[in-house]
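What follows are several structures.
First chain A sits with chain B, and in the next complex the same chain sits with chain C.
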Partner chain A sequence: MPFLPHTLEEEQAMLKDMGICTIEELFRDIPEQLRLKRKLNLPKGLSEKAAWDEVERLAHRNKDIGQYLCFRGAGAYEHYQPKAVKHILSRSEFYTAYTPYQPEVSQGTLQAIFEYQTCICELTGMDVANASHYDGATALAEAALMAIQISRRKKLVISSLVHPEYRETLHTYLSRRGIEIIMLPSENGLTAVAELEKVLTTEVAAVIVQNPNFLGSIENLAFFAQKIHEKGGLLIACVDPVSLGVLASPGECGADIAVGEGQSLGLPLSLGGPYLGFMACKEKYVRRMPGRIVGKTVDRLGREGFVLTLQAREQHIRRDKAGSNICSNQALCALAATIYLALLGPRGLREVGKQCMEKSHYASELLVQLPGISLAFTAPFFQEFVVKTQESAVSINQRLWEAGILGGLDLGRYYPELKNHLLFCVTEMRTKEEIERLVEVIGG
Partner chain B sequence: MEKLIFEKSVEGRHGNYLPPSDVPVKQIHELIPEELSRKKAPLLPQLTEVEVVRHYTRLSQLNYGVDTGFYPLGSCTMKYNPKINEDAANLNGFSQLHPYQPVESVQGALELMYKTQEYLAEITGMDAFTLQPAAGAHGELTGLLLIMAYHAARGDFQRDKVLVPDSAHGTNPASATLVGCKIIEIPSKENGEVDLEALKKAVGEDTAALMLTNPNTLGMFETQIIEIAEIVHQAGGLLYYDGANMNAIMGYARPGDMGFDVVHLNLHKTFSAPHGGGGPGAGPVGVKSCLEPFLPKPVISYNQQTQNYYFDEERSQSIGRMKAFYGNFGVVVKAFTYLLMMGGDGLQEVSAKAVLNANYLMNLLSKHYEQPFAGPCKHEFVLTSSPYKGNEVRTLDIAKRLLDYGFHAPTIYFPLIVSEALMIEPTETENKQTLDEFARVMAKIAQEAMENPKLLQEAPHNTPVSRLDETQAARKPVLRWKAE
Partner chain C sequence: MNYQYPDNLKYTEDHEWILEKEGKGIVGITDYAQHSLGDIVFVELPEPGQKVKIGDSLGVVESVKAVSEIYAPCSGTVRAVNENLLADPALLNDEPYAAGWIAEIEIEELSDKLLTAKEYKFLILEKAEEG
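Up next, the complex of A and B:
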């Protein structure tokens, strides 16, 4: 086995050094009745070559995104990843390091996270950001916990147009905390603002809104911020970072905490993970923020350097009094996002956002010209939009898939009232020709 | 130090990786109302590709990873991460799959996940697994929610105490708080094991669970685990196994056979997925059949009749989702590849060699540092540097001095019950020469501690930066770059 180094002679020498004869003696403390008396029932170990054949076989049983045209997003987006991202990520000084507990030999990871935190602050327009979360859904759930701790209130208001799986994750996280979660209905593809007035009280810790929302429409975050601030609560905005080259940032809109899924910043789709949850907030809440945070300081000789900081918030210090149990972050994914943003710069990011908008609008304009297809909502949108179909959504997607196209998400599964509604996503990846091909196949 | 990437930025440099748009060009304000569009552009760096590549290459050179050298960080299992794992996860057939593409087009991925669940169940002696949790702490939260759901389903609502030994990882009590439970800390005995008498007094009708690591955080096997399980089960509580230390006992003993009801594993520790500088990891959770109905949804299942794998969403008793989609799939691919190569015998050999290395190194080091607990240890051990405290040398100083000699430091000041603790886990992938060299350096540092304490107090001397002022970092937080 290429990973286990000892020769027989070395092993004997080591045992002799300890004054014992066999490795088994080192397991004598495991009570006899607990000892596994048989071998583990797993397939026999394979050579690297044979193992590679097997993983390739499994990979080939999947149809990857290079083998079909993708018009689906819904929380996981195909964007162009400059080749340099993967090359830098493959440096094993980054990926084989642990959490930077020894800052003197971890300045690479620490500085990269500091740069990541800065990028997230710049994108979201917020004051401070942490070193990341597991994904957008868990970042949102942790933001809700944070708002509850800050406000000491026990109610949350969440838009029904926050990603359904994020809402489910929030419910799971809060299920044992005695928190009332009030859901805002939707109207014309947007969160129903008329309903907001009815449920907002001084008992509400936070309002949670996604932008662009799950249906792709652009919400008026500033309105939600104003309304919840009147009641002394917080606005949690869940945003797509790729949209922030063109859309108003949570900070500009008055949000108190911004979270979201960073996968769109140069991470592969990877069947839904590993992704990158980000979180940023106003300065005054920084000591309530969960997760790792990197800060700048100086060394013994006065030189600048970076360390994990504000650790008095965290589980390894506060134990059961900690506001969150989070221990790790998604450092490598955060590094990928930082490299992506550094390669694109502000203009490159804006260009991505602009092309997403142009192409999705082009697609929607062509689609509504087809008989039996209409745009479901009139709200402005970013890269996703909903069409209502006369033909069943299932049948349209079936025809598309047979033609090598992954069609829009069938919304009926998530919103019963949106049966035969498809959520299409068109990013910068799609060409005019591909968009026209989509329209042609749907048109029959 | 390397300048920040923002400080290298030059206004006007531009990285565009896209062709010009081939659909009708529009202005943003034609597509969205003014009040919804961005006013102030984000101050992202403006650089050429070569500048970005050089910047991060230089940053990588300021890092220390397993590929750089010996990384004996206790409790973290910093074993070698086989390169094939990375290539496997990067295969287009895994990395380029949309989470919402048709299930029939991801059968290979589901087969991989299903088999991983089965292998992990066999290794731990559990009945079912979920791969959804993204990390160990996330697995703990999942496991405790499962336990609370189990009690609730039996109409047993008064169980709101979680017992943890005083040597537990900090995530254990923090996770318990998240599920609305109170913590009761169980003291350890002289030999580092759970005090049974204290446990008997602590359990009762309000006991939800006991969380335990076995081997415990001192690297010692809890020899009375059968009695512990009996005490907790008789009181109606369940047993939670923190699998951070699974690398010690694969093929030798299984948590499921010890009486544990829920297990989490760290694929980034025991199963060779890299740590990524803090993540991504994966923290799958295994359960006994009585807890299976509550697993997070969707569950990866197999239909015998159609011979297809599928996402089972129809789980009425499920605790719900722990995150979006299906877990850190890319990390699971790495662990699966490792499992394929090791097989059952290989995993047992991994544990055998991990324990051999730890005991060998403990034996060498105990000549110079105090060993608070008699061996044998399992995959890791705890020493204390308290003999050198009189000479004004602390464990932190020893850790920093190790960096000068080109080693990563062990985990320090943990577990909390040992003063001036050094927690050392060599793992099975280190050779005898490395262990001998590490022991030689540790002996030399012990000598320096007696003869020249200042050398240690001011260490490290040979690293890119010297000892950093953490107090200042926390007192006046500078958490981001700002334009001047």
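Up next, the complex of A and C:
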């Protein structure tokens, strides 16, 4: 059965109208060598039951953290998700609601986004936040575009200890815009500040630093802010929101734009998505901020209400002159983060941060007592740390996997100079016994 | 609608005006433009010292529901910008030809498509009939 309902006659009529003879001619812009010149190699159709069984079988080949003890982070973190998060999230008023174009019928959704923005502002110490991005990587790339537009400059300085995949996303966003990206090397697990002085000029739009950085170490954000401000540029800080329970906020450190991945705020790992990018900035830059913003206002009778505001920045009004192409947000994930933050409160978040810090330090102290394992850097860290191993990282992780443990990230994959270095993550989820079990298996 | 079209100004089809005096030109948007946009809430100004060509964007005027570019009616160098607009964008609505001026440009070359007040008024009346 053909999937498309067109008859042969209709197809011929359309082709004739376009002045071509075959459907194949529609693809002439695709280079010959890239075209698939055979039918797709697909199995025969299945009954519903058989198809369901097959999909289940495939799904079971995935391993998730329900089955393995997780000591890996590197951008996606296992934190506890209070049961109320999922419960409130799955209410149909939120779950099935369409995008809130009409404020008259979308007050609940709009208020939820407004509360989310307020939480993000409080957490990051910034003035204004938008309604969210798809993930941390795209939020970072959008922040870079924003800084380029604000400063009207064409150079960016980025730490090599920003998540490698975020840097790739940034490159994808900027590579055709004539922007020069200067990378700062690292030293002892931190961004090399000595190099910063050499590359900072009045042509640099922004410095981009991640905190804690990809290796888990805590950067001196305030120093970066001071240095780039002296040259009239901006500081973009990419931060782990959970770390803000215990670390100084980007706002306190002088950052101009704060972005990050919000998955750790009550969202499951979900094998990689959907995640939540957040962005907040100083008020003077709000008109350059991409994405939707919900504002609180009053109606003609003076009653409180919520609307999408400052829409003239966005592409449905500003068209090709818009600073960004994002015209949606991650409403449900943002809601999950809001519920999570509301449930924990400032004290709860501080407790989570404290436990992550204490447990990861406990794990690192035990690990370095093993022969052939040492802490790679002396910089202070939050919940992730790097150990250097004599045994190959691959073989350690293999042994852990067989024992039901997802080990640290083999850093050689992203940083060739860090071959046989493992990046471990210990969140509040891990118990003392679990940490000791990790050390025991690594010890062999 | 009765818009104002001061005789001493030159106009563009994109609804900017320029007041030329001793090699310098003060640029703004017309009474018709401010009225069409509605309440103006934000203005983005060029940078002093910035070089512009005829038709380049000098900045952006944003109202509650629309955004409009301001195009340079001449080439040259931006010498001054009206920073009062940043704090009080409504000046553009209240006095488009006076306190609502946008930038002063040291003129290299004027656009050869500028209109007189009479010609510009005719253009607007034609628009009104079409509308």
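Points to keep in mind about this one:
The rule we apply is simple: the second predicted complex is superposed on the first by the 386 of 444 C-alpha atoms of A that agree within 3 Å, B and C clash if a C-alpha of one lies under 4 Å from a C-alpha of the other, contacts with A are read in each partner's own complex, and residues count from 1 in each chain.
Simple rule for what comes next: contacts are C-beta pairs under 8 Å (C-beta built on N, C-alpha and C of every residue); 3 or more make two chains touch, one makes a residue touch a chain.
All values derive from a computational prediction rather than experimental measurement.
When the two complexes are overlaid on their common chain A, residue A:Lys39 makes contact with chain B while staying clear of chain C. After overlaying the two complexes on the shared chain, residue contacts for A:Arg152 are found with chain C alone; chain B is out of touch. More residues of chain A are touched by B (comparison of chain B with chain C).
In the superposition on chain A, contact is made by A:Lys321 with both chain B and chain C.
Using the contact criterion defined above for the overlaid structures, shared-chain residue A:Thr297 touches chain B, although it does not reach chain C.
Legend: residue contacts after superposition of the two complexes on their common chain; A:Ala312 is shown touching both chain B and chain C. By the document's definition of touching, of the two partners only chain B reaches A:Asp135; chain C does not. Legend: residue contacts after superposition of the two complexes on their common chain; A:Gln369 is shown touching neither chain B nor chain C. Residue overlap on chain A between its contacts with chain B in one complex and with chain C in the other: 311-312, 317-318, 321.
Chain C contributes residues 41-42, 44, 47, 60, 62-67, 69 to its touches with chain A in the complex.
Residues of chain A touching chain C in their complex: 152, 287, 311-312, 317-318, 321.
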